[in-house]
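So that we are looking at the same thing, I have put the structure below in C-alpha cells.
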Amino acid sequence: MGILEVKGINKRFGGLQALGDVNLSVQENTVHAIIGPNGAGKSTLLNVLVGKLIPDSGSVMFDGKSVLGLKPFEITQMGISRVFQTPEIFINLTVMENVLIPCFAKRDGAYRLHALESFASEKDMIEQAEKMLEEVNMLDKRHMIASSMSRGDKRRLEMAMCLVQEPRLLLLDEPTAGMARADTENTIQLLKDIRTQRGITMAIIEHDMNVVFSLADRITVLAQGMPLVEDTPDKIKNHPKVREAYLGEAQV
Amino acid sequence: MDALLIQVLNGLDKGAAYALIALGLTLIFGTLGVVNFAHGALFMIGAFCAVTMQRILNISTSVIDETQTDFLGNPLKIETPVIQNWFGPEMGAAIQDWSVPLSVILVVPVMFFVGYAMERGLIKHFYKRPHADQILVTFGLAIVIGELIKAFYGANPIQTPAPAALSGTIDFGTWFGFEAGAVLYPAWRLVYFLFAGAVIAAVFAFLQFTTFGMVVRAGMADRETVGLLGIDIDKRFTLMFGLAAAVAGLAGMMYTPILSPHYNIGMDFLVLSFVVVVVGGMGSLPGAVLAGFMLGILQSFASMNEVKAIIPGIDQIIIYLVAIIILLTRPRGLMGRKGVMED
Amino acid sequence: MLGLNSHDLKMFIVIAILTLAAPILLNPFPDASALGESFNAGYPALMQRFVIFGILVIGFNLLFGLTGYLSFGHAAFLGIGSYAAVWMFKLLSYNIVPAILLSVIVAGLVSVVIGYVSLRRSGIYFSILTLAFAQMMYAIAYSDLLGRMFGITVTNGETGLQVYNDDPQILMSAGDPTVPHLFGITMNGSSTWNVGGWSFIFQNGYYLSAIFMIAAFYLSIRIFRSPFGLMLRAIKSNQTRMHYTGLNTKPYMLAAFVISGMYAGLAGGLLSAMDPLTGAERMFWTASGEIVVMSILGGVGTLIGPVLGAGLIKYLENIVSKINDGILHNWFAFMPDWLDNLLVTIIHPFIGKGWHLTLGLLFMAVVIFLPGGLVEGGQRIGRLFRRKKSTDAANGATKPAE
C-alpha cells in the first residue's frame, strides 16, 4: 500500500479525454517520476492530486484518506506540498518572511487570528525559519526581497518553504524547466540531499530525462492521458513501447 | 397583458442605454484589458455635445426695433437666430428643432478625438499597471471631466427637447391589436431603441465582416498571438477606443430628450453599466447587450406600483440585487468566458 | 515599549504629539491676519474631520493596503455607524458611549455580511460588488426603504436622521446635557487660550476623536507588524502560494474586511457624536471614492500614509473652498492688472466650488506620477538628499588626496 494511491482516474474536458483510467501508486520513501510527451496529461494529473481539478471518476487516497473534493489548502494541511514550474513565492516579501509564513501555517492550521501578537513573542517560529534557511544556505540573504533573487535561489527558497512544513509527500512540477545547466545540476543535488537527509517521498513530473534518471526509483509513463507502463528506470529505458511513444523523439 | 407590454417598452430605452455603454466598456476591456471608470464620462460628453449643438443653433443676432416696445416700455429687441438668417425662417426653425439628432455631426468627430486623446495621452501608460491603478486613474479622470462640465454648463439639468415631430406618443397597442390608448409610448423612446439597435448591429457587423474587426476579435481572444503575427495591434486598439467612445457618446446624445443631462449623469450610468458588464460577463459583447436590456426591463418591472406595494423601493435596488445574485451563482456572468479576470 | 520596535515607536509618538498639539500647530498665523484667515486650520470643526477621516482611512488601509483588495463602497460602513449612533441618541440618551459602541458593532455585523459575499470574488469583481452593495445601501437609506417596508422611520430618507424633542431618550435624566456628551463632558465644550494675536481652542470633541485616532493608529501598527498582517501581505503577494501553504485565505480576508469596516463604523459614530445628525449622502459613492483618494494620496500600504492623506485632503478642501476671486485679486495685487485678471480667470474654475476639480486633478497626478503617494514622494526626496550627501562625503574623502 503506497502513501499515495490513485485508482481509475478519468477526466474529460469537453470532447478531450485528458486522463483515462490512470492508476498510480507512490511508495513511501521513493522518488516516483511521471513522464510523457506534451499533452500526455501530466499536469492534469498533478492538478487532480492537489485538489485544483476534480476528476469525473476514480479515487485519490493519501495515507489511507481520500483527498477528492478537498480544497488545496486542506490537502496541503494533510502533508502534501507542491513545487511549481515557475517558483511560486511571495515576491514582495523578504526571504525570512517567505519561510515564516509556512511555519505559522504548519503550527496554526488553516487560519488563526493573531492580529495583535508581535513577532517578538514568536521565537520558536523565527528559530525554525532561520534553521531552515541555514540548511539551504540562504541565511545570509534573509533580509533580501524575494523578487531580487536569481531564479535558482527562488527555486531553493520555494523548496525551503515546502520543507519547513515537513511534508510527507512533495509534488514537483518540472522543477528544472527553463533552467541553465548549472542551475539544473544544483537542483538535482538539492533534491538528492532532501531525499537522503529527510527521506521525503517525492512525485516528480519532468521533461528532462537526465533529471528523471538521476533521481527516480520508479517511473510512470503517460501517453495521451493513459498510463503506458510503470517500472524501474532501467526497465523503462529499454521498454520498446516507451521508446516508440516517447524516448524515440527525445533520444536519451 | 398590455400592462406587461408597457413595462417591457419602458425598460427598452434605459436598457438600450445600458447596453450601449456596456458594449463600449466591454470593447475596451476586451481589447485593451483596461477597466475604464471614465466611460460614463464619455456618455456625458456625448450628451453635452447635444447641449452645445442646441446652443450653437440658437446663436442669435439682435436688432433693436425702435418702433415697437416690450412690456417694460423699452425698445423691442428682436433676436433672430443666425441659422434662420442663413436658411430662411422655416428651414432654420426646422434645423433648430432637430438639434438633437443633428448633433451627430458634432458627436462623432468629437468623441473619436476624445477617445483617441484619452487612449494615447493617458490609458496607454496604464496597460502594464495593475487593474486597481487603471480603476483609480480613470476614476480621477471621470471626476475631472464631470467637474469641467459643471464649470462650463452649471450644475442644473439642461432641457434638450426632441424634435416636435418625434416628441408625441405612439399608440403602440393598436399595432398589436390592443384597444386604442391602452399602450401609449413616447415616440422618442422608440426612436432611441431603434437607434440603439442600429448602432449595436453596426458594431457587430463591423467586428464580424471587416478585416479590422477580425483582428480586433482575434486580439480580444488572444492578444499576444495576434501581436506575434506582425500586426500593429496597438494602433487598431487605439481606434477601437475611439469607436467605443463614439458609441458611448451617441448613446448619451440621443438620451438627452429622455433625461436632461447634468454633470453627474455619467457616473450614475457608469455604476449601473459596470453592473451590466459584470452580469453579462466580462469580455462578452453579446453578454453586455443582453444584460443591458434584461436589467433595463427588470428595473422597469420593479417600478410597477403593484410590485412596489409589496416591496417598496425595489426598483432602486433591483439591479444591484440581481448583480449580486448572478455574481455569486454564475461568477463569470451570463455569457462570460473562462479565464477573464479570474484572479 | 508598547510592543513596538523603536522605529514604529518613534513614529507613533510623533503622530500622537502632533495630534494632541494640533490646536496650536495648525494655527501658525495670527487669527486676524490675511494668512491666518486663509491657511489656519486649528479650529475644532476642521480638526475633527482630520482625525475622524484619519480613523476611516487607517481602517481602509488595513484592507486595501495590506491585501490589495480595493473596496469601492467603504463609505457604506461610515454611514451605518453614523445612523447607529444617532439612533442611540434618540432612544437612550446623548451619552456617546452606547452610541459609539453600537456604531462599531453594527458596522462590524454588516461588514461580515457584505464581506462574506463580496470576498467570494476578487480583483475588479470585488471592487464592483462592494460598489454595488454601497449603492444599494445608499438607495435604501436615501428613500428609507427599510422604514417604508415596516411602516416606521429608520433613516428618515432625504431629510436625514436627527434627534427630536419627543424622542424617547429613556436614559435621559433632568440635568443631562442636551448635546452629545461623555458622562457630562459635552463634545462641543471647549476652552480657549488667548496669546497675543492668537486664540487657541481646545475642544472636548476634538480631543476625544484625537484619542480614538491615536488608539486606532496604534492598533494598526500592531496589526501591520503581527503575523496576521504578514499573512495579509502574503495574500496580496501571491494567493496561489498561500493556498499551497495550507492557509485558508477566506477567513483572513474576512477578518481584514470586518476590522476595516469597524474602523469605518467608529469614524461614523464619532461624526455623529460631534454633530448628532446624519444623512444618506455620507454613503454615496463619491464618499467612498474620497476614501480611496485619501489613502492613495498618502501612500497605500504604509502606516503613516493614510493619516497624512486624510489630513491633507481635508485641509486642502477647506482652504481651496474658502478662496474666492477677491482673495486671489488681493494676492496678485502687486502684478499688472492684465496679468492679475488673467491669472484669476485661469485659477477661477479650481477654487471655491471647483474644489472637486482640483481634487480630481491632484488624484490623477498622484496615481500617474507617484503611485506610492506622499510617503513615496518623501522617500524619494530623502534618497535624493542622502545621495547628495554621500557624493559630498565621497568628494570630501577624495579631497585630501589632492
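Think of it as A, B and C in the order they're written, each chain with its own count starting at 1.
In this text, a residue touches a chain if its C-beta (ideal position, glycine included) is under 8 Å from a C-beta of that chain, and two chains touch if they have at least 3 such contacts.
Since we're looking at a predicted model, the values are computed, not measured.
Asker: Check every other chain and keep only those touching both chain A and chain B; list them.
Answerer: For chain A paired with chain B, the chains in contact with each are C, in label order.
Asker: Using CA atoms only, can you tell me which chain is the most central one in this structure?
Answerer: That would be C.
Asker: If you average the CA atoms of chain A and of chain B, how many Å lie between those two points?
Answerer: Inter-chain centre distance comes to 52 Å.
Asker: Could you tell me the distance, in whole angstrom, between the mean C-alpha positions of chain B and chain C?
Answerer: Taking the mean C-alpha position of each chain, the two centres sit 35 Å apart.
Asker: Once you find the CA centre of chain A and the CA centre of chain C, what distance in Å lies between them?
Answerer: 46
Asker: Any chance you could list the residues of chain B touching two or more other chains?
Answerer: none
Asker: Okay, in this complex, where on chain B does chain C touch?
Answerer: Counting only chain B, the residues touching chain C are 35, 122, 125, 129, 131-133, 135-137, 139-144, 146-148, 150-151, 267, 271, 274-275, 278, 282, 311-313, 316-317, 320-321, 323-324, 327-328, 331, 341, 343.
Asker: Using the touch definition up top, name the residues of chain C that touch chain B in the complex.
Answerer: 68, 70, 72, 117, 120-125, 127-129, 131-133, 135-136, 139-140, 143, 145, 148-149, 239, 285-286, 289, 292-293, 296, 349, 354, 356-357, 359-361, 363-364, 367-368, 371
Asker: Quick check: in the complex, which residue numbers of chain A touch chain C?
Answerer: Counting only chain A, the residues touching chain C are 50, 71-74, 76-77, 81-82, 84, 88-93, 97, 100-102, 104-106, 109-111, 113-120, 122, 125, 161, 165.
Asker: Within the complex, which stretch of chain C touches chain A?
Answerer: 3, 219, 222-223, 225-231, 233-234, 236-238, 240-249, 251-252, 255, 259
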